[in-house]
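Labels for the chains are A, B, C and D, by order of writing; each one numbers its residues from 1.
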Amino acid sequence: SQLALAQSQPWHEVGREATPAEIKAWDIDVRPDFKGLPKGEGSVALGEKVWEAQCASCHGSFGESNEVFTPIVGGTTKADIERGRVKNLEPGNTFPQRTTLMKVATVSTLWDYINRAMPWNAPKTLKTEEVYGVLAYILHLGDIVPADFTLSDQNIAEVQKRMPNRNGMVFHEPLWKASGKGDAKNVACMKDCPTEAQVRSSLPDFARDAHGNIQEQNRVVGPVRGADTTKPPPK
Amino acid sequence: MGAGAVAAGHASRALASEGEGDPAILKMPEHTRGLGRPVAENPYGQPSKWEANLQRRQSPGLTRVPQASVSFTPLQGLFGMITPSGLHFERHHQGWWDIDPSQHRLMVHGLVKRSRVFTMDDLMRLPSVSRIHFIECGANSAPEWGNVALPTVQYTHGMVSCSEFTGVRLSTLLEMCGVDKKLGKFVLAEGADGSSMTRTIDMERAMEDCIVAWAMNGEMLRPENGYPLRLVVPGIQGVSWVKYLRRLEVGDQKWASKDEAVHYIDLMPDGTHRQYTGIQECKSVITTPSGGQMLLDKGYYNVSGLAWSGRGSIKRVDVSVDGGRNWRTARLEGPVLDKALTRFNIDWVWDGQPAILQSRAIDSTGYVQPKINQLRAVRGTRSIYHQNAIQSWKVAENGEVSNVQVY
Amino acid sequence: MGAGAVAAGHASRALASEGEGDPAILKMPEHTRGLGRPVAENPYGQPSKWEANLQRRQSPGLTRVPQASVSFTPLQGLFGMITPSGLHFERHHQGWWDIDPSQHRLMVHGLVKRSRVFTMDDLMRLPSVSRIHFIECGANSAPEWGNVALPTVQYTHGMVSCSEFTGVRLSTLLEMCGVDKKLGKFVLAEGADGSSMTRTIDMERAMEDCIVAWAMNGEMLRPENGYPLRLVVPGIQGVSWVKYLRRLEVGDQKWASKDEAVHYIDLMPDGTHRQYTGIQECKSVITTPSGGQMLLDKGYYNVSGLAWSGRGSIKRVDVSVDGGRNWRTARLEGPVLDKALTRFNIDWVWDGQPAILQSRAIDSTGYVQPKINQLRAVRGTRSIYHQNAIQSWKVAENGEVSNVQVY
Amino acid sequence: SQLALAQSQPWHEVGREATPAEIKAWDIDVRPDFKGLPKGEGSVALGEKVWEAQCASCHGSFGESNEVFTPIVGGTTKADIERGRVKNLEPGNTFPQRTTLMKVATVSTLWDYINRAMPWNAPKTLKTEEVYGVLAYILHLGDIVPADFTLSDQNIAEVQKRMPNRNGMVFHEPLWKASGKGDAKNVACMKDCPTEAQVRSSLPDFARDAHGNIQEQNRVVGPVRGADTTKPPPK
């Protein structure tokens, strides 16, 4: 009862009820099951306009730019869309980037993120139809939807079924739960432990002062000094 | 990089006296013969000007824009377990803000009996706890899954910090709101900044040791670390410690937010990604001596480093000076706390020969920090996150220490 | 006082929504709609501008010159056990300096087999320890031996701080020098500044837990706190924690230095002075709510404060809200460490009636923090130092808290 | 042995031997038994010159100034010098200050301190004879030595026997040793404890904003605010 609560948790009444308008204003997240997705729609054509005006300067006209962030589009194929797994993520493939469309399994993620955080310098300024549209445009750049497509709350679940990497995610519980066990195994050997003799990798010469002169990143007293990395490395 | 660096080569070391003695002793310095500066000249104090070399720094080329970037903690020059707040690493996705706390709100809603709004006044009235915990970015040490890439421990490990946090337990808030303990399996935490970072927390953990914190190391959070409110998720990667926390929603499913579905996912050798891998597993690193440093001399050194585990406390740290063939157990500096950095120290006499230094931590679950090849055997080299391998530092004959991989 | 104060009356509190809801929620703030500031904008970070009210301050009239004076820590706004180094209290006798560490030396001599000189390079090579300890000025709370004199806890108790210190154990240094354990009963510690502060440490304590420290809260000591070297004497009044430490002499007698023979001596009712009274006995104080603060409302409060003892750790803290008639035991925030501040918290529902809040600490020796009249019964009102009485805060009907004495 | 040390304490050789000249340069302390006191002497007359030139600006011509510090001289009597206890420290006396000469038991303390720390803005600049002299002058101001006195390492032990408060110090070991017991006793009563009903002392009205407006010394959010102490206190 309230009385019992007031005694055992006398702080129970601190704060106040949220109003429906307040919850509506802030409850913007969209989940993989599309809970939270507002009704609406937007065409690839509308999306292209939004993209060119508000996104392309950072992400490139075809979502391919590497300037401010890894490319959004690229690296996926029709076969990937069929299978729901991106071949370029598999071993042996040499596609140079891991683009957003190669990785993302859930279309909701993109809707949610564009809506909450893009454009990067003016987040939360897009209208709902603009979010639908620009997402449609991105999906179209990835050949997931056709050029005349209009994305909406009605058909988004269908689009989900064409996400190139929709089957690419594994939930590995041991790294989610504190009680889980690690997958890599070492033993606490103390004496004459098995090791390879040689150094397998060393700092490349070009990396020696790529972070500036390390001498100037260490204290002027103490048991050590920073090495003067403007000079060549020791033999 | 901002503040001017102080240049001083190791040649400046004043070890021995000449003739009568050391001029630094025989000639009285100004500060022994004069009147110093007044109290409260700095109402908020600063480090010595001689410490200017130790600062947060970016890693050139790592990111493309400085508002979606990282600055690293200079672990090579730090001591003990507490990270000075001025040197706490930064990771922003859409820049940082100095938010007016009187206008900040926290909303709790979703699968709760009563949705609630809290002002900072409200929150800071609630029963509070203070706990010392580490926070580590999931991408700490990421560039070295494959080969050695970075010169110093600031860049290899400098996305970890440890502070005392004060706030209200998340469980207290959820209970106040009448959380649905049957259906409510997850909590979404959301920030108030442009990125409005969203992360899924599982209910078990939410009820256990998460804190909705306003203070860090005795004062309010710094703006770069989420002033005025941040979620503390002990043991879990930093991205879940949502800054500028404004909303908590209780739900029955995970959210697959951008930073749970496009980043902070671990690419496995078979091309699948592990999703929701939050735990920062047991890890350690020697900070003195470490990459880019010069030993001044042969002889005795106190080898010092840090160890931590997202699954509990540090049970033991072993140190090798021969690249992992033989190990000795280091001293742990107390208090050894749950999900907190633990400072270790061990004696070493350097004979002037090349040496390879490693540390290996064991946590309270018995887990032994792996070698990089053991990690790779399971996860390959492309999984970016949760790289907790043993770090090797090579000491050359001239005393210079450099980053290597040996296993 | 330096930084500009931030003005905000309690009228500005935004508690409830009007109509549709709170504009702070319905109207999106700039920081939710824009791009924030870059990483490493502050290579060494600062507190939020909204925190400017919390700063070190002098107590007007307490001293006559600001280089032989005190600045007080704003305990009324701090959290947990760690004191932010920027707000660590200051006590200088001849001003503070920012000493070039490469020119600093430590000499150990006297009743030792070999007198030795150490550079900072030498010292920082030695086996180090890291320990969390409080430091309290012997004159903390001094103005209130007789009557209430000060408005806030910053001035009544703000000469106490708690930090993690790193350095070499004093015993390690003394053993290296071959200390004469038979004749050497005392150690003189001397600073390098103009005052060249000298204090006698007894050998038993010197060998037990003293530290020759260079670091505080993870970074080097701040100049105001003795950069680059300070003696840490756990449990003993701050004046013995000699700053700018340059010399340690082992001897067979106490030194009766100025601050052992003219100050830091306790005048007793019979006109004698107690000399060499170093211990900071068990003490506690409620910091929230405390003098000069206003409760915003009736209802629940988390009453929070600090407790410490120079003889050991805190065993228990009790809190009274009726001027000492009835007491309840508070929660202690861990880790509860030897000679360290311990944060306590306790629930309180304010019914809007006048109330008198007190805290009473008990340490691991069983000693119970005394009332001011119990202290006076033994020591009178003129002994200046070591005032560790129970502090009373009166809450008036309008919510204003003020400093009173009740026993 | 050295070898055993090198193994058990391998840091044993860090640092180096101090030279005699170095020890001499820094070992300036003077103890109550006058260990450390350099040979030398200085007259009251010399001391008066030094005092007027280098001390009086801060401490007053007769050591009586309250400007930068409590007075050095005053409050002691011939009878105190006889007895070695200062009457004005005893209960019932109303002498307004506790001067240095009223408190200090050991003349070595003054020699040591003047030599190490005075003049405040130029410490360690006095010659040995100036320290003797200026101390002689201070002692003369306190009627401890006559006007024609010359203080020296030879006669300082005699002067010690005239220090007005030489018998005024008590060594209270329980507050020196961590293992000691406190002198004040309280009990941890929990219920219906004996207390006086009324408030025995409150903040005087003039002290309310003597430290500035407390409102500006508290956070702008939280469970409390700073009280506006420019306004009168509550009833």
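Throughout what follows, a residue touches a chain if its C-beta (ideal position, glycine included) is under 8 Å from a C-beta of that chain, and two chains touch if they have at least 3 such contacts.
Note that this is a predicted model, so its numbers are computed, not measured.
Interface comparison, B-D versus C-D: the pair with the greater number of contacting C-beta pairs is C-D.
Chain C has its Cα centroid 45 Å from the Cα centroid of chain A. As a whole-number value, the distance joining the C-alpha centres of chain C and chain D reads 21 Å. One simple way to say how far apart two chains are is to compare their mean CA positions; for chain A and chain D this gives 65 Å. Among all residues of chain C, those that touch two or more other chains are 1, 8, 12-13, 15, 17, 22, 25, 32-35, 50-51, 54, 57, 65, 77, 94, 101-102, 107, 117, 119, 121-122, 125-127, 194, 196, 220, 228, 296, 299-302, 347. Across the assembly, chain A contributes 11, 14, 16, 18, 22, 26, 120, 123-124, 219-223 as residues in contact with two or more other chains. If you draw each protein chain as a dot and join the dots that touch, the picture is not a line, a loop, a star, or fully joined; it has some other shape. Pairwise chain contacts present here: A-B, A-C, B-C, B-D, C-D [touch as defined].
Chain contact summary for the complex, chain A toward chain B: residues 9, 11-12, 14-18, 22-23, 26-29, 31-33, 35, 66-69, 85-87, 89-91, 98, 100, 103-106, 108-110, 112-113, 116-117, 120, 123-124, 165, 168-172, 174-193, 195-196, 198-204, 207-212, 214-229, 233-235. Partner chain C is touched in their complex by these residues of chain B: 1-3, 8, 12-15, 17, 22, 24-25, 29, 31-51, 54-58, 65-67, 69-71, 77-88, 90-92, 94-105, 107, 117, 119, 121-122, 125-132, 163-166, 192-194, 196, 214-215, 217-224, 227-228, 244, 296, 299-302, 304, 333-335, 337, 343, 345, 347. Chain contact summary for the complex, chain C toward chain A: residues 15-17, 20-22, 25-26, 28, 32-35, 101-102, 119-121, 124-125, 220, 228, 299-300, 302, 347, 349.
Within the complex, the chain D residues that touch chain B are 10-11, 13-14, 16, 18-19, 21-22, 25-26, 120-125, 219-223.
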